[in-house]
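In the two assemblies presented below, chain A is common to both, partnered first by chain B and then by chain C.
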Partner chain A sequence: MTTTLTRGRPGADTVRTRTPRRGGHLRRALARNLRAHAFLIGALLCFALFTWYPMVREIVMSFQKVRYGETHWVGFDNFRQIFADPEFWPAWRNTLEFTGIALFFGFVAPFLTALVINEFRHAQSYLRILVYLPVMLPPVAGILLFKYFMDPGYGLFNQILDFLHLPTSSWLASQDTAMFSLVIVSTWANMGSATLVYLAALQSIPGELYEAAELDGAGLLRRVWHVTVPQTRLILSLMLMLQVVATMQMFTESFVLTGGGPQGSTTTVVYMLYNYAFNFDKFNTAAALGVVLLLVLGAFSALYLWLERRGGEE
Partner chain B sequence: MMLNRSSRMAALALAAGLLLSTAACSSDSSGNSNDAAAGVADGKPLDPNATVTISIDCAPGADQAAGKANYADDLALFKTKYPNVTINAKPYVGQCEVPAQQTAQYKAHDETGAFHAYFTDRDATLNSGDAQDITKYVNDETLPGFSSMLPSVKDNMTVDGKVYALPINYYTTGLIYNRELFKQAGLDPDKPPTTWDELQAAAKKISALGNGITGYQDYSGGNTGGWHFTSELYSLGGKMVTDDGKKAAFNSPEGKQVLKRLHDMRFTDQSISATPITQWADAFPPLATGKVGMFLGAPDVIKHLIEVLGADAKAYGLGPMPGATGPGNSLGGGDLYYIKKGQTPNQIKAEIAWINFQYQTPDAGQFNFARAKTLAGSSKDPVAIAVPQPYFWSAESPQIKAITESLKTNGNLPLSNYDPYVKNPTKSITEPPAAQQLYKILDTAMSAALTDPNANLDSVLATAESQANQILANQ
Partner chain C sequence: MSKPVHSGTRTLISPVRLNQPGGRRTYRIVLVLTLAVATLVFIGPLYWMATGGFKSSQELVRTPPTLVPEHPSTHAFTEAWDRLGMGQLLLNTVVYAGGALLLQLVFCVAAAYSLSKLRPILGNVILGMMLASMMIPAAALVIPQYLTVLDLPLIHVNLMNTPWVIWLPTVANAFNVFLLKRFFDSIPNELLDAASIDGAGPLRTLWSVILPLSRPILGVVSIFGLVAVWKDFLWPLITVPEHETLNVGVNTAATSMPQNTLIAGLFLASVPTIALFLVFQRNIMAGLTAGSLKG
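Let's look at the complex of A and B:
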């Protein structure tokens, strides 16, 4: 086989023709981009150690059990145990309920906020900081504030409602309102980042498109629908996928505010996983649940990519 | 195969390196490089001249000024007895042992040489494979009073006749109550309720005081809900598991009674606050600020309220665990130190010697009430000396007699406030198997009783029973 090397090392401006040996070719290819490969190795090592190895280890652990310090292979026992757990399906229902509500608010609220900020001629940077502030707070500290705001007895929210002669709420203390309360907290804590991403996308839309739409007599809503949404479609769909993956792993809010209650109404899949691992001392069962969650989220991501690709082809 | 010169040199260097590292590792793991220094497991106390370094966790931290000062003093005193023993004590702040943190520590095999665990955690601790069998090391010579320890304490130290742990604290649950609120509500602060009916009636009267005051409070999350359910179930004569430990037994008339009473108190009497308490520490601020009339707890809760939260030392009384017709059975609990595997006999002996000195010797360590009294005199921070509890010896033992006497002389708390508890010792029942898991499951039942006005308590308890059976089957 004869190969023509059309890309030489810097300074090698001649085109050479030769029959390379496989090893020599690889060596030269590596040498050509030595610095890039060195950086790549660093990143690969980090991924291998902190992402891929734990994933493989988790999968292996999900088929094992540890008793008195000794590890045994147990086949699908851990999976059978989690599927038979009466909390398993309610935890999925809670997770999906949270994902559904959080997605609606976590998607709409930052997008609307970005639209509004984008309309301001002045003070945009101040508003951006204001919206991003909750993200800068340590999550637990921020979330803990709501424990006091939402206290059914002396909480700020009920005092405000009471002052306005509106009915008060049990917030986190009732299984009817606990999940929605967590969504409020989660939206407040996380919308800053999404708002900035949407704002960046909005600012990349050429102004001429809006001017043209205005000349055609389009009002505000039509301009948003026919210009803004199509122009930010890619970002919107990417953020949708990322938010689904993130909200399905909700843990901190439940852990800090409700402990999975009242009556397990805020026990999500990840909270259940945490319980198995750290409260029940069953790391292997937790690993099995983690594998199930990984498969579900993996399937969702694959579906998203397939739909994206199909949309792109059309 | 012929090796060239450089290959031979490399092989030699590698072999030498391996030998050196093996030697280094064995020296590290044993703590000493020769057998004489490592000592032998001969059932004798530590040689006072032995040179050894040990580590231990759960030393008082920054939030316990008095405890920290006492501990430092004890380390210095111990050094006069064993001048060549170095103790690396790891301090804690808040709760000494958080279950989740402890589980992670077990998985990483990252315990100190002597490591703390609650009675509740025996299964998890042994399951970690890190606990050393110390049967050969413990006797009346190495641990004076060992043979007179209470059977309920010994149960928690031993498995299949082998000793794995040493107790440092033992309690039976009682009723902590605010004497001032009792007076305001027209109740006799020297006669706390001894039955659940009396408790319910007293809670109603205290709540009627208004001003955000609640008669009684209870847990409903963070494993503490199930823990208190167990306590209340035992007090009514109920059982958590069957005698063989294979099935749940709490879905019983007693179990239903526990939930129904709490539900009634919360929604009919309104004598329990609407704010759910889902973490261990969350119960204490309302107690410390005089907003709660009664709460089930161990005597050390009163110490925590005074020393950590600055509550009024005279405000609290301690009564026996209420029961069906009089003081009921009580859930026994406590703290232990396990010894980590892989240490030299001398390290194990030194850890036993320190634990014995610090936690099990009258007039020394935690029982050095005379020293605590002196320190309290000059301390800006509150010091509580000390709420009486069963500790871990029988009432007739010389240890308990000496401690009781010292407390009378040196204590700074109103001991008569605790007479209802001291004079009504209740039968102590140990925690169930898979305790943390069962407690977690029963959090949901407690949460239903305390947060849902329309809760179907029978159904909630039946669900918990089926979950518990599954856990017990997978033990």
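Let's look at the complex of A and C:
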């Protein structure tokens, strides 16, 4: 606690790092703290109510069941139930499939786009506005728009493919392509923010590094690999982590576009959690699934932090 | 015509290379191609959406698609406005987003100020707990949050279908507190000491010293606060089914409407945020990098 206190303003912290000798000091310190906490209280209450308490409650709930309005402790029953659910593993597989494809496109596309935009001496701000426009749409508007483009019959995508004499696709209507189609929608709608973040990172790379690499005879790809990537490594890995955590929670796209189908091929973990709670009224089972999701994503974040720290020490 | 290509700072490709005749030609070609493809990919769908509302449902599904509506009619837009109850949806969303913004500004600024400058006992512990919540995947907490707003602990109030259910959880935004605190940390304490010598209390100092200096960061927090509420889906879907947001309402109505009406509705729903973006484009771009470049 002393570390918290000694960092205050010079005039203030002398009051509390020493033992207060007179009542005046103590009273003043107390008043100062009360005032400071009064500024905090609003945010503190909201965090407590909507983040910290639900966190604890979810864990508690996952070990309980409600029967006829009475709450019972049931140990690991809820967890056993979700693990036995035939939709459980497919839901994880779907979620990982979405995350995997989205990572390939959603991670590579913005970086390449930023790389190209950064080379231009013209139209940079136009391109920047362009890629960010879809981010500003209400997600449902963008998503429903693509429903028309992806219609297997009259949809624009198939018309274009047809025009180019390429094989058409049944997009959302087929088990094999549904998830991939959702990735296209989601990448189009979201890549703008990542692109702008990378662009800012690219602009902070000192030009001398490229010059030095070029003098050493490094070609274009080697300059990207040996200068650009290491110089933006921190931001790249941070965005990678954030993106994995975000895509693992995919819900809106499949809720709006496919309703989890066809044949459950786009039912994600969050979708399953939603179904448990709001279609089957099994809140405790849903909470258990929430705990599993927390653990998985928490473990992933922890792994990231550990790797990041180890990388920093080397 | 063959002016040299200007470059500010050196990037991946050297200016010398760029200004060789071959280099310049390649540059032009890549630039034009990129502009064409990017415009097609990002504006194309929006153009299709904007013009789609002017077409009839038959024209909409025609092969090949028409580039310009044949018999432009605004009928679909008025119909979409009425059938979606767009006015009401828009009003709901504005109330949710506006109130959320206001509460976030008041409480997150106050909290960040307290943590940065007033430094109460346990301040760093509280900050740590707030920041730790950034690691929690939002969707995983939806169930207990939902049960909490159904029956708030201690005071037993049901917030369902009231604006509070949208407003209050947005205050628990660790990213806001973090951004604001980091900005306040950069304001020299001498300024605050001067204010306190002049007899200003902490509230007065916040209002007349800190806030005027913090306009850029307040702009960033405001815009992202608005947009986050505007774009949210799962939370408003389950908590305010009787007073839907634009985002949720469009989805609810989607199945029961003629195609051109729905597309006109999508366009109307997109106009406010697009307009907001075009007006505040500079601040938004700056904000995106401010939040992420701490490395």
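As a working rule, the second predicted complex is superposed on the first by the 264 of 314 C-alpha atoms of A that agree within 3 Å, B and C clash if a C-alpha of one lies under 4 Å from a C-alpha of the other, contacts with A are read in each partner's own complex, and residues count from 1 in each chain.
Basically, contacts are C-beta pairs under 8 Å (C-beta built on N, C-alpha and C of every residue); 3 or more make two chains touch, one makes a residue touch a chain.
These numbers were taken from a predicted model, which means no experiment stands behind them.
In the superposition on chain A, A:H37 contacts chain C only, with no contact to chain B. By the touch criterion stated above, A:A173 is placed in contact with chain B alone, chain C being left untouched.
Judged by the touch definition given at the top, the superposed model places A:D216 against neither chain B nor chain C.
In the superposition on chain A, A:A286 contacts chain C only, with no contact to chain B. Looking at the shared chain after the overlay, A:V224 reaches chain C, while chain B stays out of its contact range. In the superposition on chain A, contact of A:Y154 is made with both chain B and chain C. With both complexes superposed, C is the one of chain B and chain C in contact with more chain A residues. By the document's definition of touching, of the two partners only chain C reaches A:I235; chain B does not. Common to the chain B-facing and chain C-facing surfaces of chain A are residues 153-154, 274, 277-278, 283. Within the complex formed with chain C, the residues of chain A that make contact are 1, 3-5, 7-9, 11-12, 32-33, 35-37, 39-40, 42-44, 46-47, 49-55, 57-58, 61, 115-123, 126-134, 136-142, 144-146, 148-149, 153-154, 156, 159, 163, 188, 193, 196-197, 200-205, 207-208, 210-211, 214, 220, 223-224, 227-228, 234-235, 238-239, 245, 248-249, 251-252, 255-256, 270, 273-274, 277-278, 283, 286-287, 290-291, 293-294, 297-298, 301. Chain C meets chain A in the complex at residues 5-14, 30-31, 34-35, 38-39, 41-43, 45-46, 48-49, 52, 60-65, 103, 106-108, 110-111, 113-115, 117-126, 129-130, 133, 135-148, 152-153, 168-169, 171-172, 174, 177, 189, 192-193, 202, 227, 230-231, 233-234, 238, 246-248, 250-251, 254, 259, 262-263, 266-267, 269-270, 273-274, 276-278, 281, 284-285, 288-289, 292-293, 295. Remark: chain A residues 66-70, 81, 84-87, 151-154, 170, 172-175, 258-264, 274-275, 277-281, 283 touch chain B in the complex.
Across the complex, chain A is touched by residues 99-100, 103-104, 106-107, 123-124, 126-130, 212, 220-223, 273-276, 278-279, 434, 436-437, 440, 443-444, 447-448, 451-452, 455, 460, 463, 466-467, 470-471, 474 of chain B.
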